[in-house]
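All chains are identified by letter, namely A, B, C and D, in their written order; residue positions are counted from 1 within each chain.
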C-alpha cells in the first residue's frame, strides 16, 4: 500500500532550524564581540525589524503561491502611507476613515494587478513592474516629499510595545496567523496551491482560477497597505520616498527564505515568518557588531543564497517514489 | 549630492506646504540669500567651527566628567561620494578626539537611506541606554521627527546635522546655509555670465526630495526674473550615462548655452556631451567635486562650483564634546557655505592634488593627522 | 517557402511581432516630433547609447530562454566600470590587460550564478538577487564607498568614439559595430545545437535531460554569456560617459522588461534573440520619444508603465490567436 | 428513455483549421456510449467542448440533467459543466503532484464545515470513493506525485466519480491501466449504468468498446461517420469505418529475414530501490516483452536500463561490452533509446516545433549527431504517418497519438542498437497502432534489440518473441511469445514463481 505522505512539514521545520542556526551563529558572533544578542534592546530591535517586511512578505506569499509575483508592493506601501497621513491630517477622529481608505485604495491596486495578470495574461513580473512604474509616476507628480500628519494616537502603532514585543510585530503575527488559517481552511486559500501548482489542472478541475489569482493579488496589496499604515505611524507623516528602498525584493527574499517555491504551489506563511525573522536577525546582528554598511550587503546576499541552498535541493524533488527494495536509510516518512 | 539641510526645520507648518507640492518659502529664501553676506563668527581657518548669527544655548545639564563618553551616530547612508568623503572626515576627527581622551567609544549605524531602518537604528541606540550623546544625520526630513523626539525625551543630548527634522528638541542642529543659497549661487552665476535670451538646461538628481527641490526652487526664482530661457529640467539619477545621453539629445535639437545642476555628480559627462557634439562649452554650474573642477581647469570654461560644505561632517563630533563638557553651542549652527570661483579654483585643486576624482574640495580635513592617506587610499 | 514562412513566424508569429510594431510606432512618434532625428549623426548617437542595453538584452535572453533570471547584470555593469577605473587608474598601457581581467570577472560571476542555480538548485531569482547584493557591497567595500581611479582614453574609445568622416552619417560608433557583431553572434548561436538545447531546456527540462542534453551545463553557459554581455556593456557605458557612483543601477529591470517586450516568455522555451534585442531598442527609443515630447519628467515612469503593460498584453492576445501557417501535409 | 445529452452540429476550429464540423452526438440515460476514431479525429476536442474546456464555434448542446429539465447549455468554464452534472476524465492527467489523493479527488469542491475545509471528511469520502472502485492499496493521504501512472489514473477516475454526475466522460481511461485495473473499471462502469449514470467512453481498445458500450459514435477527420448500436457492428467493420480502409490481421508477422543474432542487451542481477534480481537478455532482432500489473516495476526496469534511476546492483552489458549507465547520456552513447511512458512530461518540449523535437536527441548528443541522420528525420516522420500542419507546428497542438509518433521518431533518428518502448501505443488509434507494430517489427528486422512494455497484454503476447513477467519488482518467470493471457497472469499475480528466491539476488 502506498503510504500517506507527510505534508511539507519537512521544509517548514527545516526553515525554523535555519532560523535557529542563524540565531545561534549571530549570538555567538555578538558574544565574541563582547555583546549579548538577547539583551532586551536587541530583542526589541529584532522584533521591530520584522514588522514591516513581515506585512509585505505575508501578502507576497499568497501571490507567489499562485505562481504570480508583485513588484509593486513598495510603491503601494508608499502611497498608502501618504493616503493614511493626509487623510488623518492630525485628527485622531479620522483614523478609522484613513485605515478604511488605505485598505480600499491598496485593494483596488491589487485588483488592477490581478486583472492584468489574470485577464490580460501579462506576466506578473512585467505587469507589477508596470503598475509600480505607474504608481511611481503618480507619486512623483503628486507628492513632492513627505505629506500629511499622523496623530500621536496612531503613531503608537509604530512605537509602543508590550514588554519587549512591539505592537506592530504583534499585529503582523496576528495577520500571519490569519493567513495560515486562510490558506489551510478556506477554499480560495486552498485553491491558491492548485492555481500555483498547475493552472490548467486547476481550471479543468472546475476552479475559477482567475478569481483565485485576483483574490491573492488583492490580499497582497492590502498587506502592502498595512505596511504603509505602519510606515505612516512610524514616520508621523506620509512619504513617497519610501518606494526607493526596494522593499519588494526584501519581501520576495523573505518568502523564498521561508521555503515557498517561486514556481508556486508549494510553501506557506509559517515559513515566510521564519524567513522574515532570519533577515531581521541579520540586520540586528550587523548593527550590534557595527558591520561596515557595504559588508552588510555582501553578507546579506551570501546568507540568503546559502540558506536557500540548504533546503532548495530536497525541496524541489517532486517525485520521491516509495522504494520497494530500499537500503534501510533510503526510506522516508 | 542629494544632501542639503531641511530649511523648514523647526517649522511644523511645512507639511501643508509639502502637500501642495509648493517648495518655495519666501522667508527662508530671503534669509538664506542674506546669510551669504553675513560674516560668520569664529576663526576663518576652521570654517567647521564658524557659525552665522549663533544663538548660544547652555548645555551644563549634559556636562559629564571623564572623557570616556560613548558617542552614537545614526547615519542615513554613505550611498554617494559626498557622504563617503564626509564620513571619512568624521572618522578621522573622531580618532583625534579619542586620542585626546575627549570621547570614548564611537558607535555608528547606517540605515542605507531607509527611513524606517534609521528609525529602528535610533530606537536601538536609545534602548541600549549606553549612548551619552546621539548624533543623527537624517535620511529624510519629516519622517524621522518622531524618532528624534523620543531620543530627545530619553534625556541625552541629540545633535542633528546635514538635513533637519521638524522639531527643535535637538540640542543643536548643524548645517551649512542651505539649498536656496546653493541654487541661487549657481543660477546667479549663469544669469551674470550669459547673454539675455540664452538657453539653460537644468539637470536634477531626482524629484520629491525636499532638500533638492529647494535648490531648484531658488534657481527658478532667479531665472524667472532674468532673460534666461530654461529649456527643461531633467531627472538623471546622477548617472553619468543618463546625463550625457540627455544633454546630447538637447544639443542635437539646438544650442544649450548654460547648464544648471542641483548636484555635481556626473557634471563631467555633461561637458563631454558638448565635446562629442562639437559644440562650444556651456557656462556651467557644477559642484566642488574634483572631477568637475579638474575638467573645468583643463577646459578653461566659464564655470562655478557651488559648495554644499562637506566639512560640516567634522562639526557634530566636536559639538558633542563641547556639549559633554557643558560648553555652549549654537541652537542652530549655521556653517558658512561659499562657492568656489575661478579665483580660488586653482588653490583648491592645488590642495587636493592627489585626491581621487570623486572627492570634494571643501572637505576641510587637511589638518587632520590622517591626511592625505585616509582620503586618498580608500 | 518554408524559409519564408519561418521568417514570417519569427517576425510576426506569437508575441514576437508586437515588438517590431511597437518599434515602428515609437519611431513614427519621434519622427513626428523631430524629423531631424533620423539624419545620420543623431541616429548614430541614438544607436551608440542604445548599444549597451541591446547587448545586455542579448545576454539576458539566453538566461531567460533557458528558464532563468539574471538580476545581477545591473550590479555587474556597475562593478565592471568601477573595477576598470580603479585598476587602470589613468594608465593607457593597462587598458587591454584590465579589459581581460574584467572579462574574466564577468565570466566568473556568470559561472558562479550558473553553478549555484544548477548545482545547488537555488532559484535563479534568488541566486542573482544575492549576487546583486554581494557585488554592490563588495565593490564599494573595495573602493571605500565611491569609485576611485580613472579610465584611460583607450578604454573610453569603444564606447565614446567611432569611425569618423563617413559621408551622410558622419561617425559610425564602435559601439554600434560591436552591437551588430554580438547581436548577429547571438542569433547564430541560437541556431546551433547549443541554442536548440538551451531552448528545449527552458521548455521542458525533463524531456531535454532524457534526450541526453546537458541541461545544467547549458544553463550555466547561458549565465556566463550574460556575464560576458554585462562586461561588454560595462566597457561601452564606462567608455560612453566615464565613471560615476550610480552606473548600472536598476539596469536589470530595464533589460528584463526589454526582453519580455520582445515576446520572450519568462520561464523559458519561447522567443527569439532578435526580438529580445528589438525590445531593448524599443525601450531606448521610448525614452528618446519622451525626451523629444518634453514630457514632464515625473510623468514618464507612468507612461512607460502603461505602454509596457499594453504592449505585453497585446502580445499575449496575439499568442493565443491564430498565427498564419500553411496546411502542409506530413513529409 | 429521454436523451440525456444531445449535441447538434458541433463545429470547432483551432488556429483557423477545422477540427470538428457538424458533429451530432446523442447519449441516453444509463447508456455507455463509445466515441471512437483515429488520432486527431476530434474525440478529445468534442469531449472538452462538452466539459466546458473549449467553446464550440457552431452547434448546440442540449442537456437534460438534474431537476432543471432539458435545456440548451454552453459552458464557458469546466466549473459550469460540473455544476450541470457533467464530469470528465481527460486524456492527459489533471492532477497536482504536490497534493494528496484526497485533495486531488475533491479539488474544486472540497467538503466544508462551518465555512472551513473539512479535511477529515475529505479523506473519508476519498477512501470511500476508492473502495467503491475496488482499490485498496491507495491511501487518500498519499501525495499524488509519488504514485505510479496507473494509480494516478485511478485517482483521476475517483475524482470524476466524486462529483456525483449524471454523465461521466472518460477519455482513454484505460490507456495507463493494465488488464487487472481494466477489470476494476469494467465493474465500475456496470455499476454506474445500473445507477442510471451515462458514460461517454473514448478508447482505442476495441475489446473494451465491445465489452462495455451500448452504442458507438464514429468520428473521422472531425466529421461524424455514424452512430450505431454495438450489437449491429463487428470489430472489423468498426475499424474499417474508423480508418476508412481495412486493417489486416491485427499483429503483423515477423518480417522475412529477421533472425535473432548476438545478445545486444544483457542484465545480470540488476537491482535498485524499485526492482531486484533482474536477469534479462535481449538479442539482436529479438522483441522481448515486459508484462506485469501496474506498479510491478516495468517502468523502473526501463528507467534503470536508461540510467534515470540506475541499477545499484548487478551488471549491464551492451553488445557484450559491460557498461556503467549512470545517466541517460551514457545510455544513449551506448546505443540505447527509451520511449518514455509519459510523453507530455518526459518526451516533448511542447512549445517547440515537430522538427525541433524530432531532432532533439541528435542535437543533444554529439556522439550520435550527424548530417545524414538529420536528413532522414523528415522521411521518418512521414513513415510514421504523422498528421501535422508542417514540421514547424508546435507539438502542443498535435493530438495525443501524433505527439507519440514524434517521440518515437526522435529516438529512431538516433539509430539505436537497443530500444526500450514503455507503453508506446498508449492513446494511439488502431491505424497508428498497427503502423507502430510494423515499425517495431522492422526495427527487429534491422537487427535492433527491442524491449517492449505494454499494459495491453495482447500486444506483448502478439509482438514479443519472449515475455518476462514481473511481479512486485522481480521477474516471476519467462514465457515464449504467443503464450496465453492466463499463463502470463499466473506469474503477474504471483500465483506462479519459478525464479530463485530474493536472497539469491541480494548485493554481494
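Basically, a residue touches a chain if its C-beta (ideal position, glycine included) is under 8 Å from a C-beta of that chain, and two chains touch if they have at least 3 such contacts.
Not measured: the values here are computed from a predicted model.
Peer 1: Could you run down the chains that neighbour subunit B and subunit C together?
Peer 2: Of all the chains present, those in contact with both subunit B and subunit C are A.
Peer 1: Please flag the chain sitting at the greatest distance from subunit D, going by CA centroids.
Peer 2: The chain farthest from subunit D, judged by C-alpha centres, is B.
Peer 1: Measure off the straight-line distance from the CA centroid of subunit A to the CA centroid of subunit B, and report it in whole Å.
Peer 2: Here subunit A and subunit B have centroids separated by 36 Å.
Peer 1: What is the distance in Å between the mean C-alpha positions of subunit A and subunit C?
Peer 2: About 30 Å separates the centre of subunit A from that of subunit C.
Peer 1: Approximately how many whole Å separate the CA-defined centres of subunit C and subunit D?
Peer 2: About 44 Å, centre to centre.
Peer 1: Going by the touch rule set out above, which residues of subunit B reach two or more other chains?
Peer 2: In subunit B, the residues touching two or more other chains are 78, 207.
Peer 1: What positions in subunit A touch 2 or more of the other chains?
Peer 2: Residues 140, 296.
Peer 1: At which residue positions does subunit D touch at least two other chains?
Peer 2: Counting only residues that touch two or more other chains, subunit D contributes none.
Peer 1: For this entry, which pairs of chains touch?
Peer 2: Once each pair is checked, the touching ones are A-B, A-C, A-D, B-C, C-D.
Peer 1: Which of the residues in subunit D come into contact with subunit C in the complex?
Peer 2: Those in contact with subunit C are residues 15-17, 306, 308, 328-329, 331-333, 338, 340, 345-352, 356, 359-361, 363-366, 369, 378-379, 381-382, 385-393, 410.
Peer 1: Please output the residues of subunit C touching subunit D within their complex, sorted ascending.
Peer 2: Those residues of subunit C that touch subunit D are 2, 5-6, 9, 193, 196-197, 199-200, 203-204, 206-214, 269-270, 322-328, 330-331.
Peer 1: So in the complex, the part of subunit A that touches subunit D is made up of which residues?
Peer 2: The contact residues of subunit A facing subunit D are 1-5, 7-8, 184-187, 190-191, 193-194, 197-198, 200-208, 265-266, 318-327, 330.
Peer 1: Using the touch definition up top, name the residues of subunit D that touch subunit A in the complex.
Peer 2: 51, 53, 77-79, 81-82, 88, 90, 93-100, 103, 107-110, 112, 115-117, 136-143, 145-147, 151, 159, 271-276, 297, 312, 472-473
Peer 1: For subunit C, which residues count as touching subunit A in their complex?
Peer 2: Against subunit A, the touching part of subunit C is residues 116, 120-123, 125-127, 129-134, 136-138, 140-141, 145, 253, 256-257, 260, 265-266, 296, 298-306, 308-309, 312-313, 316-317, 320.
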